[in-house]
Every structure is written in C-alpha cells, then in structure tokens.
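Look for chain A in each of the two complexes below; its partner is chain B in the first and chain C in the second.
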Partner chain A sequence: MISLTDIRKSFGAVAAVDGVSLDIAPNEFLALLGASGCGKTTLLRVLAGFETPDAGRVMIAGQDVTSTPPHKRPVNLMFQSYALFPHMTVAQNVAFGLKQDGLRGAELTARVQDALALVEMDTLALRRPDQLSGGQQQRVALARCIAKQPKVLLLDEPMAALDRALRERTRLELMSLRKRLGISFVIVTHDQEDAMTMADRVAVMDKGKIVQVASAREVYERPASRLVASFFGEANIWDGVAAHGRVDCPALGAAVAVLSGLPAPGVSVAVSVRPERITISAETLSGDNVLQDAVIEDVVYLGTVTTYLVRVPGDAIVRVTRQNDAHQSFARGNVVSLAWPADAVVVLAA
Partner chain B sequence: MTPLESPGLQRAAVGLPFLWLLVFAFLPLLLIVKISFSQMQLGVPPYTPLLGVNADGETAWQGGTANYAFIASDSLYAKAYLNSVRIAAITTLLALLIAFPMAYAIVRAPRRWQTSLLILVLLPFWTSFLIRVYAWVGLLRPNGLINSTLEALGVIDEPLKLLNTEFAVFLGMVFCYLPYMLLPLYARLEKLDVRLTEAALDLGASPTQAFWRITVPLSWPGIVAGCLLVFVPAVGEFVIPELLSGADVLMIGKVMWSEFFTNRDWPLSAAVATVLLLVLAVPVVVFQNRSSRSAA
Partner chain C sequence: MRSARTINFILAAGLLFLYVPTLVVIVTSFNDSRLAGVWTGFSVRWYGELMSDRQFLGAAANSLIIAAGAATLATALGTCAGLVLARVNRFRLRTALLGLLTIPLVLPEIVTGLSLLLLFVAVEQTFGWPSGRGLGTVMVAHATLAMTYVTYAVQARAVGTARQYEEAAADLGAPPLNVLTAVTLPMLLPAIGAGWLLAFVMSLDDLVIASFTSGPQSTTLPMAVFSSVRLGVSPKVNALATLLVVLSAACLALAAWLQTRRGGKLIPT
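Right after this comes the complex of A and B.
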C-alpha cells in the first residue's frame, strides 16, 4: 500500500529522517516507535504530504506521490492536538472533508452520521469542540479522518492526551475499527504499550533511521540493538567479552551462557536478559546461568508483578520481575539465587 | 493575595479610567450635544444659552433643532457625510488588503524576526503624525521627489498632478492607519494554530479553500477590530485631507473645521459632530452586538 524508498529530510543541519525505506502492506497496522526527536513524526508528515523529502520516493497505492500536495493524497492524518475546527460543530467538522469530495445533501448527512456513529459520537453532533472532553475530541478527530475513507490512516501520538483507562479503551477501539474498515494504519507513538497491543509490525526509529522492523514480539524478544532492547520494554544489559559459548561479564562476576549470535572470541559485546526471564529463589538454583549469594536491594510492588533490584557478587544490579502469587515473596536484605536459561540471552553489539 | 487582588485597588484600577473617560470624554460630548441645540451669537460664549430671558422678562426654553434642520436642508452636508464614509470605507478596504498578507507573513516568519518586523511596522509612529503627512506633501507636489525623479528618468514630460487628488488622500490615510489594521490582525493570526490549516489541507481542501474556510473565519474578530479602528477615525479625519487634498476633496472633518473656526458657528459645528457620531455609532454598536452574539 505504501512504499518508502530511501527518504531523507533535513531541517538545517539536522537530518530528521536519514535514509528510511519501508513497505507497508494493505490493512497492516504499523507503529513508528522512538524517543522524541527520532524523526518519527517527520516521517509521518512526509507520508501526509506536509514535508517534501529532500531525497527518496513515496508511493501510495501504486502511485508516486512524492511531490503531490497533501489535499490530493489518499491518506488522512489525525493530529496529536486533534486540530478540530473551533468555529464548526462536530458534524460540520466531519462534513468538511466530505464536502471537499463534492458530497452534498442527504448523502453528506448520511456519511457524517455513519462516521460519528462509528465512534459513538452521533448524539453530540451539534456540540462545538470546546464543549467536548479530551476523549470526545479525539473521537471526533478520528471520525473526521475515517469519514473520508482513506486508504491509509495516519495517527500522530493519538493517545498522548488521554488518561490511562481511556487509552486502553481507545486501543481496543482502534483495533476493531481497523478490522471493520480494512485500511492501513500508521501510528506514531513513543509508548511501547501502544505498539505491543495494536501493531502488526513495529518500526523502531533512532536518529532518523529505522533500527528494527519486526513484530512486537520479535522486537521484544530479539532486539536488534542495545537501544531497541532498552527502549522497548525493560532489559538487563551487561557489557562483556565473547568467548566460546559464553560471554564473560565482569559486572556480574560470572560468564553468561549463550545459545547463538556470538561473534569471534575476544570481541566486546553486550548481553541482554529480560527481567521476567530470571528466576529468583531462596534455595540454590541450577541451570545454564546461576548467580548465588545475591542480595535484594529494593522491592517494587506493581500489583500483578513485583520488581526486585538485586545486587550480585560482581556488584551489578539485576532487575528481576516475578508474578505475584500467594506463596512466596522476598524482602530487602534477603539473600537469593538468580537463574536464567541460555535461550533468554540476546547478544548485542557493544 | 497579590496587590491587584485587593478590592480597593481593583476598584481603583477599574474606576479611575472610567472617571477619566467620564470627565474628559463623556461630559464634553454632552456639552457638544447641548451646544448643538443653541444658536450662534456674537460674544462670549459664541452661542445662546438654552434657558434665556425672553422679551417678556420670563425665563424660557430657547433651544431648538434649527441647526439639524439646516444640515438636512443643505445638500453640502449630506454630500460631505457620504463622501467621508466612502473615502473611509475604501481606505479601510485597502488597509485590510495590504495588512492581512503582511500580518500573515509576519506570523509565518521565523520567531526571531517577528519582533523586528513588528517594530518596523510601528517605526513611523516614532515620528510626529503631522510630519509624516507633510512628508507626503514633499513627495507628491509638482516639483517633489516623485515627479522630479520620473522627469529625470524621462518617464514623464510634465509633472503629474499627485497632490490635491483623492489618490493623495487614500495614500496618506492608508499609510497612517495601516498599523491600526495590522496589529489586531497580527494578534489574532498569531494565535491561530497552523495545524488547523494543515488539517484542512489533509481533508482535501486546496490552500485557497483552506484560507477562506479556516483562516478567514478564525481571524474574523481581528478583521472586525482592525476595520473599526481604521474606519471610525477615518470618517472624521481632518488633517490628512486638509494637507493632501486642498479644497478638492469634500470631507465632513473639513466642513466641521470651517464651521467652527472660519464661520465661528459653534452650534452648527456641534450639530454636524453630533450627526456624525450617530451616523458612526449606531451601525457600529449594532454590528458589534451581532458579531459578539454570533461568537458566543
């Protein structure tokens, strides 16, 4: 549906987008994820037509739209600030785009009604934007975009202004909308939960480049770089030196057994282990990787899980999360053993 | 509690300007209305009292609407009013057409330039109003800078008549009133979110359609404020037409001036001023009421 080839865009001396190539399939839900300033919003604006790339090509639905102005592109962008027209009612806002398509009379009314019904805002059609809550404004902005029946819906940080409960509800609604509409979604977010719950694929961006594109699961379990591992979820990352079948990590005071991905012995690398893959126990554990005589420094209770910050003999702090159950919990100062299987270890470039 | 929140100071902050307006604007205005019902007389003051002693030695009402009747009977006044309104309206329109793109460009200019650009707009205000208008006399007169330059370049053989034309009046009025149009427009456009225009483009509006359907309606209060700030003083403007148009362009400000100073007919002049106030105030109040209601 969308094909981006080597897109570059600089503002002054800063390369906001620095050679991005990306294909987005019809009906795909893609999340552009990254810290602020990584170029994800600029890339979205290139797609919408608000920025003309310095180099590269943008294809949408088989047509080269690189230099097509925004009002002639088959995409619609939902702005982070929603950008509702304050001098128009909800219904007039939604009708605005449809009128540009030449719709009038009963057909126009019906399409506005349908779009508003889809986001359950049909009862507030005559309100003005300033009479709506943040969540309601977001729905109107969404209705205004989907009323146009675009081939691709672009969403710029759609959840940024919503509280947590509303955020979760909106995520589910976006997913069901996507099923019903059968169009592609590209969402820009800095929230990994958005990406994990909704996206078919996640494109992680850093300094204007895409550093990894894969399913959320793969990005989480097989991060391509140190940055991805630390940005997408939490990770224990230790520097070390590659050896045969293991990585020697001075901070752990131990070697870490590794299944795959090792470079030649002697090369500096880093290893990453997700906190929930580490087993914590008062008894002596056995397995691929075991650390004895670790001391719990801090306990963070989070409801479903508890995070333990554990100091190991090599003096590193290891982050461990454990599902809360009735049986066992640990307290500060407890001496414990930690263990994790070799397949939980990801080798990263140093 | 900050000093401004104390009730006494708050009352003073609101009350003092009102008191000022009452004493120095509203009371003189009432005085003018009062004089307009008197008759001219030779003496001090140069008008008859409203309550006077008549031939029978009784105190009686001596005022009357003779001045208003005279204004209505002599077509000179109607012509002067109409011409003033026409010139002010054209001035307002020209100022709007020039100021809107200027304000838009200043808002869209890089942040660090905006202050400098605004200062440039206000720079002429640092010179006396009279000198600015006189400068145009120097530029426009038959042997002035414009004519002599054009002659030197061989574009024209004999001087163009620039001074003492309506053109000169429009030039001077637009030049002097432009900042009053530009500043309210700038204040309004500056608050306008660029993303609203972008959203309109995204929804399929061409840049022209986005301008008319988003930018113009949302800057409407600024347009109204700017037009009133230019139109109202322009109707009664005296100095600019006096200096740039001589006797050729009839405006109500000049009529008022000559009634007052040349004919020393204070009552008639006061009546002319009162009618002008009604001609201006009534439509403006109605218009403002309507636009504030539609904004609510």
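Right after this comes the complex of A and C.
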C-alpha cells in the first residue's frame, strides 16, 4: 500500500529522516516508535505530504506521490492536537473534507452521520470543538479523517492527550475500527504499550533511521540493538566480552551462558535479559545462569508485579520483576539467589 | 504599602492629566451658556444646532465616506501583507517590507501629507488622473497609513494561530484557495475586523494628511472643526468633539474586544 524508498529529509544541518526504506501492506497496522526527535513525526509528515523529502520516493497505492501536495493524497492525518476547526461545529468539521470531494445534500449528510456514529459522537454533532472534552475532540478528529475513506490513516501521537483509562478504550476502538474499515494505519507513538497492543509491526526509529522493523513480540524478545532493548520495555543490559558459549560480564562477577548470536571470542559485546525472565528465590537455585548471595536493595510494588532491585556480587544492580502471589515476597536486605535460562539472553553489539 | 500608594497616586495624576481636557470638552458641550467658563445649566441645544449646521454635516459625511473607504482598502492590503509576513518566513525583501510598513508610523504626518500631495499632482500631470484632489485621494492617502495597523493586527493573530488548522484543511483535500477562504480567513476574522476599526478611527481623526490631499469639495470633519475654531470656538464644536470621542472610543473598544477574544493578542509578539 505504501512504499518508502531511501527517504531523506534535513532541516538545516540536522538530518531528521536519514535514509528510511519501509513497505506497509494493505490493512496493516504499523507503529512508528521512538523517542522525541527521532524523526518519526517528520516521516509521518512526509507521508501526508507536508514535507517534501530531499531524496527518496514515496509510493501510495502504486502511485508515485513524492511531490504530490497533501490535498491530492489518498491519506488522512489525525493531528496530535486534533486541529479541529474552532469556527465550525462538529458536523461541519466532519463535512469539510467531504465537501472538498464535491459531496452535497443528502449524501453529504448521510456520510457525516455515518462517520460520527462510528465514533459514537452523532448526538453532539451541533457542538463546537471548545464545548467538547479531550476524548470527544479526539473522536471527532478521527471521524473527520475516516469520513474521507482514506486508503491509509495516519495518526500522530493519538493517545498523548488522553488519560490512562481513555487510552486503553481508544486502543481497543482503533483496533475494531481497523477491522471494520479494512485500511492501513500508521501510528506515531513514543508509548510502547500503544505499539504492543495495536500494531502488527513496530518500526523503531533512532536518529532518523529505522533500527528494527518486526512484530512487537519479536522486537521485545529479540531486540536488534542496545537502544531497542532499553527503549522497548525494561531490560537489564551488561557489557561483557564474548567467549565460547558465554559472555564474561565483570559487572556481574560472572559469565553469562548464551545460546546463540555470539561473535568471535574476545569481541566486546553487551547482553540483555528482561527482568521478568529472572527467577528470584531465597533458596539456592540451579540452571544455566545462577547468581548467589545477591542482596535486595529496593522493592517497588506495582500491583500485579513487584520489581526488585538486587545488588549482585559483581556490584551491578539487577532488575527483577516477579508476579505477585499470596505465597512469597521479599524485603529489602534479604539475601537471595537469581537465575535465568540461557534462551532469555540476547547478545547485542557493545 | 507606601510604594503602592505612591504608584496609585502617580497613575491617577497621569490619567487626570491625559483625560481632564477631554472631560472638560464633554461637560462643556452640555453647558447652556455660550461662554465656556460660565455654567448656566444643562442643555443639549448645541447638539441641536450642530445637527442643523450644513457645513459640519457635509464634512461629517465626507469623513465617514473617506474613513469607510480607506479602512476597507487598508484592510484588503494589510490582510495580504500580514498573512505573508506570518506565513512565509523567508522571501526576498522580507526585511524591506517590514521596514516600509513601519515607516508611515514614524514619519511625521506633515511629510507624509506633503509627499502624497506631490505624488498625486505628478500622477495627475502624467496620466491625467486623479483630476484634482477629492474624496478618493484622501481615501488612498489614509489607506497607505492605516494599512500598517491592519498588517500588524493580522500578522499577530496569524502567528498566534497554529498552522495545523491549515494543514488539516489541506490534508482533508482542500486546495490552497479553499484553505484560505474556509479556514485561514474565518479564523483571522476578529483581527481583520479589529484592523478595519483601527484604520477607520485613524482616518476619522486625521487632520494633517487630509489637509494636504483633499480638494475644495472634500473637506473632512477635523478640517471643518479646525477652520471654524480659528474664528472662535463655538460650543457646537464641543458637541461635535464629544460625539467624535464617543465614536472613536466605541471603535477602539470593539477592536480591543475582537483582538483579545478567544486567545488573541492585543500586542504583536
């Protein structure tokens, strides 16, 4: 549906997008994820047509739209600030885009009605945007975009202005919308939960480049780089030196057994282990990787899980999360053992 | 405490200094006596006499026609200039345009008036138009000066209005002209209206430029007042001044209200 080839865009000396190639399938939900300033919004604006790339090609639905102005592209962008026209009612906002297509009369009314009904805003059609709550404004902005029946819907940080409960509800609604509409979604977000719950694929961006494109599960379990590992979820990352079947980590005071991905012995690498893959116990554990005589430094209770910050003999702090149950919990100062399987370890470039 | 009182005192003194003369005119306009210093009773007779003075009424009509025309012309030009300055960050002669817009504000009116007179005469000799000076020449002269006010009002509002609305309109399929007429201009309407009112008041109050650029049939109200005062102040003039103060104040208050409504800024930033 969308094909980006080697897109580059600089603002002055800063390369906001630095050679991005990406294909988005019809009916795919893609999340562009990254810290602020990584170029994800610029890439979205290139797709919408607000920025002309310095180099590269943008294809949408088989047509080269690299230099096509925004009003002639079959995509619609929902702005982070929603950008609802303040001098128009909800219905007029939704009708605006349809009128540009020459729709009038009963057909126009019906399409506006349908779009508003889809986001359950049909009862507030005559309000002005400043009489709506943030969540309602977002629904109107969404209705305004989907009324145009675009081939691709672009969403710029759609959850940024919503509270937690509303976010979860909106995520579910976006997913059901996508099922019903059968169009591609590209969402820009810095929130990994957005990406995990909604996206078929996640493209992680850093410094204008895409560093990994894969399913959320793959990105989480097999991060391609140190940055991806630390940005997408929590991770314990330790520097070390590769050896045969293991990585020697001075900070842990131990070697970490590894199944795959090792470079030649002697090469500096880093290893990453997700906190929930580490077992914590008062008894002596056995397994691929075991650290004895660790001391709990801090306990963070988070409802469903508890995070323990544990100091190990090599003086590193290891982050461990454990599902809360009625049986056992640990307190600050407890001496514990930690263990994790070799398949939980991901080897990263140093 | 003490400094607050001092400051309030200075403020009160300053306001008195500025507005007592105007208050005196307003009060005197309701004085029955012909002599300004002697209060013989409340009366509106001078307003009545004013209304039957053909010379003043004719001048007032001229002034209103000129002010409306000049304000409209200035608003059309100033809106264009303000939009360009707010939306196009880099173009050749941007600095020159900014400077040229500011010059009328700092140039002595007598110089502006004289130069416009010379221009009109030169243009008439070259092209045969305008034949003599009249309402049209004063209108153009006032519009050149008043355009600056409109430009600044529109520019300030346009800079403060997020560009995202225009981008959203384009994204929804609106070609540039539709974006301008359906989104940009409606959102700038308060500033455009305020600019028109400022231009209207400016034109209504001007004496110097009008004196240079008007002809025998286009005497404006300030010119009529000024020439009548030289033959001695008639209390009619006080009544007229009071009406002008009320009209100007109403225009300015409306302009301020338009500009501050919905997050607008009164002062350009």
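One rule holds in what follows: the second predicted complex is superposed on the first by the 350 of 350 C-alpha atoms of A that agree within 3 Å, B and C clash if a C-alpha of one lies under 4 Å from a C-alpha of the other, contacts with A are read in each partner's own complex, and residues count from 1 in each chain.
The rule is short, and it goes like this: a contact is a pair of C-beta atoms (placed from the backbone, for glycine too) under 8 Å apart; a residue touches a chain by one contact, two chains touch by 3 or more.
This is a predicted model, so every value here is computed, not measured.
Taken together in the superposed arrangement on chain A, chain B and chain C clash. By the touch criterion defined above, A:Pro53 reaches neither chain B nor chain C.
In the superposition on chain A, A:Gly208 makes contact with neither chain B nor chain C. In the superposed model, A:Gly39 makes contact with neither chain B nor chain C. In the superposed pair of complexes, A:Pro275 makes contact with neither chain B nor chain C.
Judged by the touch definition given at the top, the superposed model places A:Gly233 against neither chain B nor chain C. With chain A used to align the two structures, chain C clashes with chain B at 91-99, while the other stretches in 1-9, 91-99 or 145-153 stay clear.
On chain A, the surface touched by chain B in one complex and the surface touched by chain C in the other have residues 48-50, 69-72, 76-77, 79, 81, 83-87, 96-97, 100-101, 144, 148 in common. Residues 48-50, 69-72, 76-77, 79, 81, 83-87, 96-97, 100-101, 144, 148 of chain A are the ones touching chain B in the complex.
Interface of chain C with chain A (complex): residues 162, 164-165, 167-176, 178, 182-183, 186-187, 262. The residues of chain A lying in touch with chain C in their complex are 48-50, 69-72, 75-77, 79, 81, 83-87, 96-97, 100-101, 144-145, 148.
Those residues of chain B that touch chain A in the shared complex are 193, 195-196, 198-207, 209, 213-214, 217-218.
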